[in-house]
Each structure stands twice: as C-alpha cells, then as structure tokens.
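Per-chain numbering from 1; labels A, B, C, D, E, F, G, H, I and J assigned in written order.
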C-alpha cells in the first residue's frame, strides 16, 4: 500500500483555530474529484462537492478535508446519503455559524442530480 | 418489443424512503432528452425537464423517473399540459415540502418557450 | 403575394383556454427575429422580444404570436413604442396575472438598448 | 394520425435543380433533433446530424430532409448504421461532388460517440 | 418614404481605389442583419453574411455594401440563390484576386443551413 | 474639422417626450466605446458605460447621448469623476424615477475598476 | 460484491462486425470518468480518454469499452503508461485502419498533462 | 534592486479625497495577479483579490493599492489570513460606508477555496 | 500637456537586439485599445491590432509599440490604410523573417471588418 | 526557509526512462502559475507555460518540472528570454524528437504577448 492510500485510509478532518473568529466571514471550498460507488450496482459515481460555511471557533484544514473526501472512493453510498453525511460530519466537527453542502453528480441514465443541504432550512 | 420499450411502456414512479427526512434539503434533477408529439400536428417536440424539490417522507427513484419521462415519447400533448402533468404526478406521489417543474422546449417556428410550475405560487 | 405574407398581413393574436387556470404558473416566450423600421430614417431595426406571463383564463397560441410579431416588419416605430405596444396588446387580450415584455435591440450607432415593461411597476 | 405523423411516415427526399451547378459551392446542414431506438434495448437515442456537401445537378429540399430524418424516430438502429444509412441515401439520390455526414450522439453509459462518413475516404 | 428607405431602394455598390494594390491582403466583412423572404411561403428568413476577399484594384465602400445587403429585405429568394447572387455581384464589380461569400441562415423547421461560395473552387 | 468632429464638439443631450409616461418601465443603454484621458498622466482610458433608468416625462435621444459620451475623448478625468458626471448630467436633464450609471473600465496596471452610481442609495 | 463491481472485474473488450467495412469512416469515443491511482503515491488520478479510429473488420462494443476503462480504477499506473496501454489493447484487438488515443489528465501540482498516441506516427 | 522592487518594498496605501462624498456609490476593484507563500510549505499560492466598497471621505489610489497587493509576494500567509488582513487594512484606512474583500485562490491539492469578508456581517 | 500625452506625441518604435536570433521563433502581440478617426466623418473608430512575427536581428520594445499605436488616436485614417501603415512601419524597421498584422475593427453601420496583411502573400 | 522554498531553490529537472520509446507519441504539459520579474523595472510578470514534446529515450518528471518553473519567481528575465531558456533546457536534457514551448504572458501596458519556440523551425 502506497503512502497516499494509507493517508486516505486513515483520513480524519483536522481542525485549526479560526484566525479571525470575532468576525463573520465566508469560506467556499469546491472539490471536483469526488467519486464513490452506487449502492445498488456498485458502478462508480462522480461528483463535485461544494462547501460554504461561516466558521465559528474552528476552520477545517484543506488537505485533511481532501483526504476525507477521497475516502468515499470505495464506499457504496447513494447521492442523497453522501451529501448528507458530509454535511453532518462538518456540522458536528466545526459547529459553524452557517453551513451548506452541495453534491453535483454526473448524469446517470441521462439524468443529472444535484443535492443541496443547508443550515438555513433547519 | 425490446426490454427497454417494455420498461418504458410499464413505467411508474418508484418511491424510496427519504434517508434524512428530519431535515429540509433540496434535490435538483434535470433530464435533457424529453420528447413528445405536438397535439395539433403530430410533429415531435423536444425539451429539457428540470425538477427541484424538498422531499418529505419519500424521494423518487431516478431510473423510474427516467422511464416515466420516456413514456411521453408517443403522447400528443402541448408544452403547457406536459409540464403541468409532470408537476401533478410528482406532487401527488411525493407530497414534497416544495416542488418546481420547468419544461424548457426547443424553438418551434423560431419561438422558444419555457413553462415553470411551482408550489410557491399555490 | 405568398401565403406567408398573407398570414402575416392578417395576423391577430389567437387565444386558447388555459388548461390549468386553477394554479399560477409562468410562461416564458422568446422570439429572436423581430424587425421593424426606424421611425426617423426608415432603416431596419432588429431585436429579440422576451415575454414572461402568468396566465389567467387565456393563453396565447404561439403561431399567431409569431405572425403578430412578424407584422411589425414594415412598420415605422421606435424601440420604446414597439415594446410598449406589444405589452399593451398582450395585456388587453390576455388579462394575465402577471406580464413582462422586454425588447433587446441590436446596437445602433454603437449604442445597445433594452426596454423592459412589467406589470409589477403598475 | 395527425398530418405531421402522416408526413413523416411517407417522407422521401425531394430533389431540386441546383440553381448554380456550373460552380462548386458548399452546403452545410445541421439537425439537432435526431432520435432513434437502440437496436439492443429499444431505449431512445439522440443525436445531431451534420451534413456537408458540394452539389452537382441536384440539391435536397430542406423540409423533405427534415421529414426523412424524423422518420428514424421509431426505428431500431445503431449509431454506426444510422450514420452510414443517411450517407448512402444522400449519396445515391444527390450524386454530389463531395459528401460528409456526421452523427454526434448523446452519451450512453457515460460514453459519447461521434461517427463521421466522408466521400474523401473512398 | 423616409431617407433610409430611399437609400436602400437605390442602393448600388460603390467602389474605391485599393490604397495598397501592390500587395495581397485580406478584407473580412460580416453583416449579421441580413433578411429576405422565403420564395415559397413569403415568410422572412434571417442570416449573417460573411465576405472575405483579396482586393485587386478596387475595394467596396462599406456603407454602400450595407445598403445593398439591406435591399434584399423584401425580395423572395432562396438561401442558395441569395448567397450565389451576392457572390456574383461582388465578383463582377470587384474582380478580386480571391473571393468567398458565406450565408449562415437561422434554422427553419429546426434545420440550420450554411451556404459557402468561394473562388478557390473555380 | 470633419462633420463628426463638429457634432461631437457641440454635443448636448436631446430630450424626447416619454411616449408612455403613465407607466413605469426600464430603459437600459450600454455604450462600449467610451474613452477619456487619465488626469495624472494623460494616457487614454477605455470603458463601457451602462445606463439604466425609469423615465418620467422625458427620455434621452440615443444619437445625442452617443455624441455626449464621445465628447469625453480628449477630457482629462478620473474613473470616479467621469461616472459621477454622467450620472449628474442625466439626473439633472431627465429627472427620471430611477437612475443608475456604471462605468466598467479596462484594467490599468493590472487592476480592473467598475464604478456604480445609483439613485437607490440617495 | 455488487453486479457492477463484478462486471468491471471481468471486463474484456467485446468486438462486433463492422456493418460498413467496405468504406473508411471515423468513430470518435470520449469517456470523461476515467480514474486510476498514481504509481508513486497511490493518490487517485482523473482523466478524460478520447479514442478516434477508422475500423477495419471489427468495431468495439461501447458497454464493454466502458467496463474496460472502469477496470483501471484501482490500478497503480502513470499517465503515460495508461494511455499507451489503452492504445495497445485497442490496436491489438481491433486492428483498425487508423487509431488515436488521448488521455487528458486533471492537473496535479498545478501541472496539466495530455498524452496523445496515434498510429500516424508509426 | 530595480525601481519596481523598491516601490513594492515601500508600498503603502495612498488616499485621495472622495470627489463625490455627498452620495453613496460603489467602487469595484479586481486584481488577478495576487501571489504569496504557503505558511506551512513555502510553496507559492495565487489568487484574484476582489474589493467592493462604498467610499466615505476617502478613496484608495489604484497604483498604491496594486503595490500594496504586490507586497505579499514573499510573505508566508494563509488564505484566510491574507484576505482578512487586506480587509482590515482597507477598513482602517478608508473607513468606508461598506466594504467587502474576496480572495479567490487557485486550487491546491485539487481543492479550490474562496474567502469572503464583508462589513455586512459585522 | 501631461507626460503621457507628450510620450505619445513623440512616440517612435524602439528596437532591441533579438536575444536568440540564431533560431526562428514566433512573437504574438495584441493590443485591444486602438482608436483613430474615420477619414470621412471624423467619428472615432476602435480596433484590436494583432501582430505576429518571426524576428531576425531585432525585436520591438513593447512600451514603444504601445505608444506608437496610441499615436493614431487623433489621426483620420481608414481601416485599410491604418492596418497597412502599421504593417509597413514594422516591416521597414524590424525586417523580420515573417510578419502579419490584423486590424479587427468594431462594427460601423452594423458591418464588422477585419483587415489582414501578411508577408506570406508577397 | 520552508521545505517548499528549499525544494524550489535546489530544483533541477529529473528524467525518467520513456516507457514506450519504440513509438512516437505526444506529451502536452501546461503550467498556469509561472511568474518572474521584469528585467527593467523589477515588477512581477505572469504567464502560462505550455510545453509539447515527442519523447525519445527520456521523459521529464512532472514535480521536478513544476519546481524548475517555480524557480523563475525571483529571476529578472524578459518574456523572450524566459521562453527560450525553458526551451533550451528541455532540449538539452530531453533530446526529444519534437519540442515546442509557448509562453503566454499577461498584458503589460495593455499589450498581451505570446512567445512560441518550436523545433520545427530549426
């Protein structure tokens, strides 16, 4: 197993202190190389994951986030569950003032799907 | 008759339980290969159908949705009726918290038409 | 005179019953081949006409709308008047719940003009 | 059966005399609403058909060409065969000085295919 | 009749001496507001006319060219004939070292046509 | 001095009666060939000027507006002042119900600047 | 193991008879969901694979091609080797009259790479 | 050391009087050549910095702003800190009526980040 | 008169030694802020000037080239003459191995013109 | 000094054996984050460097190439020299069957420059 494979296997979100926590500001992150497996067929799915948040006391370190997203590669999981799972994990760890996660999936059977979860609708 | 033709002929929307029903989130689906027949002339019409909804207890399974949309292929139906019919069917089956259906039709006689039906205007 | 020329000469908006009048929904129409004559010089002007409306009891039949818009071809009329005239005609005939007409004209003397008339500003 | 459906059912290419046959010139035609059925599954396929030719004594009338292309709607035929069949039909009827037909098909199973047949490679 | 209508009615190509005739160079002109009438139906057609030439002793004055192209507005003429007629007129008047005329017409019946005539194929 | 240079030198905004003053509607004008001189260095600056207004009793005639904007060509004036000056002149002459002027200037020293003045912020 | 995972594991290119082998024509295929692992680090790589060929006696069936390309998902292989391996496999199986394979890889370390292998350079 | 390097080394924001301070208006500035060093690795980072503000009594002179942004070139600073630092400096010097700063950074490890700080969220 | 105005008034092309004259290589320069005056009316014209050359013993310094192109601002000159004049000046001064100059002018009277002069057609 | 800064300081092109040297194939590399200093003023310059080559016995390792290109960051060098220097270094080390290097630089003083060096013109 190569070092990258190990890093992905043991990936967990790393948190840093928010350097400017006295002020609301927005962090937008997008990752266009998300892939997982369809829970029914096992065929690969592909998506861009977009994350928008207003940090409170913590921000997420970007490399650990990438490794966390890489760790879905061999997971069997639906579009809806994957997007909600990423949302929940970030929500639990960051406790941000605002959070939105969108999963923009490649067409399957000529149907394109985008899932959007936001703390605004809580 | 091939198996695909049979699948389209007998198509009906299949519902799955919403895996995260305790929270509002948005599902956006777009299908660019919608075709039906003009009710007056019988000539083919083409459209992209875009669906946006906030699920309540059920979500729609994507393959069954594609087959349902494929089933308009030999139906004689106007732009306005097709869009409203898809809206009504989804509304009745999913009972979603929010629903919007847009039919974006190719120009006919150099006139381009987009029909938008939304639960916001109820 | 060819049949198309006759059809344009005698064009008048044809109305159909709204198949779903119990519900508000939006109809967007755009026609990129509008042409008329400048009232001052007689030189041709060109525009895209975009119409957005929420129908009440009637919808406009698309071919009759195209012929109506074609009938401006040899009319001498300014950008402002043409856009307002189309707005008024549709308003009078359709009595829609909402109406907006935009005339997006090609540049003249390197100046590009867009005129927008909406029932929101009544 | 509506008049459009009849027109498509009885469609055959109509030829007109080339108004300028003493000189080589190029005619490019593209039709973005081609659809047929997959020969294996019966599911619908969609394509843009692009035709380029240098006419000899005949040119093809455009409405009859559209009806001819519409007539593939319920035919079960592969991408390769459909493109070659259109090429052969035009070649036989028009006997043009040059002919190229390209079928640019929508992705199936995430694979996009373009087939190009040209008299240059004879 | 306004002065612009008169100017179009009496339009004829005006020639100027080529200021640099000792050297080959290319002049490209494009006019996106060409319109004429379909010879069969009388319905309006729209096109962009693109002209490329290498002048010999004469160049064409641009305003007279625009008026000449405007003069097709009420003429019943097919795509092929219009493009070839413009080619012939320029060829006869300018006697250029090279000439190409392309007529890129708006779709009719969902079919888009481009006609290209060039002195290279003489 | 040519007639165009004279026309620009003596340019002043010409007003026409609003043909539809009983109703609010929007006029959008954009002019992509604005140029003036940097007040510090004298080097040329370039911009697109976009004007949006809701007319009251008067509308501005387009050719006189173009000539007015051309008249900045040899004026030494900053981005901020040019945009505010055009706003003030239109405001004073048209007394419109709403007015917005934006000056979108080409980069200088790799810095791109857009100035926006609107009656909404009065 | 799901049926899709099995299908990918046992994937091998399936060949069909060329329905028009008496004539040269071009088949272009593109697959935007190629992924493999970096041979050094084990981190995932992503690419679009584009294949262009002129078939001789055989054509490749598209679903088997997709499965074959999916089978690189857990393979550790460099950009150059992956592209050349796909080229060789197709060359050996299809014995086409012409073949070109391009691997257009996502940037790594901000460097974007495209590898192109063609039978023209043999 | 060249004069440009000196100018960057000694860069400080220069303020000018707002020529139209009696009225709110918007100034948008964007600078696509921002670069600094990653605080962890020392590798270069690249971003576009977009600034939007409503000036009060002062506006920022553009050349001094460019030099100030150039001065980050050899600074080790994170995405979040760089964006907040530019915001704070402008806020302190300009005391504007409104201020927003966005840092749109090139992807690192395939992750793209945009940081947005605005006085609206104070 | 400001220093920029003086610099433009006295502009002349400055030549530098080609640092790599033993090898052919291509230099492409484009300047999108060219403006001059129409020789007939005196109204301003705008163009992008694109220059491509293979240097021999000299290359042109870019700032002096910009000032030279700025110096057309108040010159009355046609599209054809301006393009040929720039070509001749560069040809005379640089004696390059290859030279091409294209003037891509903004539409006038809705007619867009591009003039291209190249040493290939000598 | 951080590890990235050290890596850049000591960067040298690393060569790997060409895994498929028996066959010509093309490697295209593009790097959009090139920056150096203007030799005259010391102000930063920015470019995209595009490299195309047909390898002989060696290929260049991508990370070492990135570090090599990063090493120009504090070098004072003109557009022409930077592009030719990269060409020469690759030519000397790789001895490729074909090589082309293009430097596409951001505008300076509103003038955009692209330098292209190719082994075809030897």
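Following the convention adopted for this analysis, a residue touches a chain if its C-beta (ideal position, glycine included) is under 8 Å from a C-beta of that chain, and two chains touch if they have at least 3 such contacts.
Not measured: the values here are computed from a predicted model.
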item: A-H or G-H, whichever has more C-beta pairs in contact; value: A-H
item: Centroid distance [mean C-alpha coordinates] between chain F and chain A, Å; value: 47
item: Chain A and chain J: spacing of chain centres that average the CA atoms, whole Å; value: 35
item: Distance from chain G to chain D - Cα centre to Cα centre, in angstrom; value: 29
item: Junction residues of chain G - those touching two or more other chains; value: 32-33, 106, 110
item: Which pairs of chains touch, using the document's own definition; value: A-B, A-D, A-G, A-H, B-C, B-D, B-E, C-E, C-F, C-I, D-E, D-G, E-I, F-H, F-I, F-J, G-H, G-J, H-J, I-J
item: Residues of chain J that touch chain F when the two form their complex; value: 106-107, 110
item: Touch list for chain B against partner chain A, complex; value: 18-20, 23-33, 54, 59, 62-63, 65-66
item: In the complex with chain A, residue positions of chain G that touch it; value: 1-6, 8, 32-33, 35, 37-38, 40-44, 46, 70, 73, 76, 106
item: Chain E-facing residues of chain I, complex; value: 78, 80-81, 83-84, 108-118, 121-122
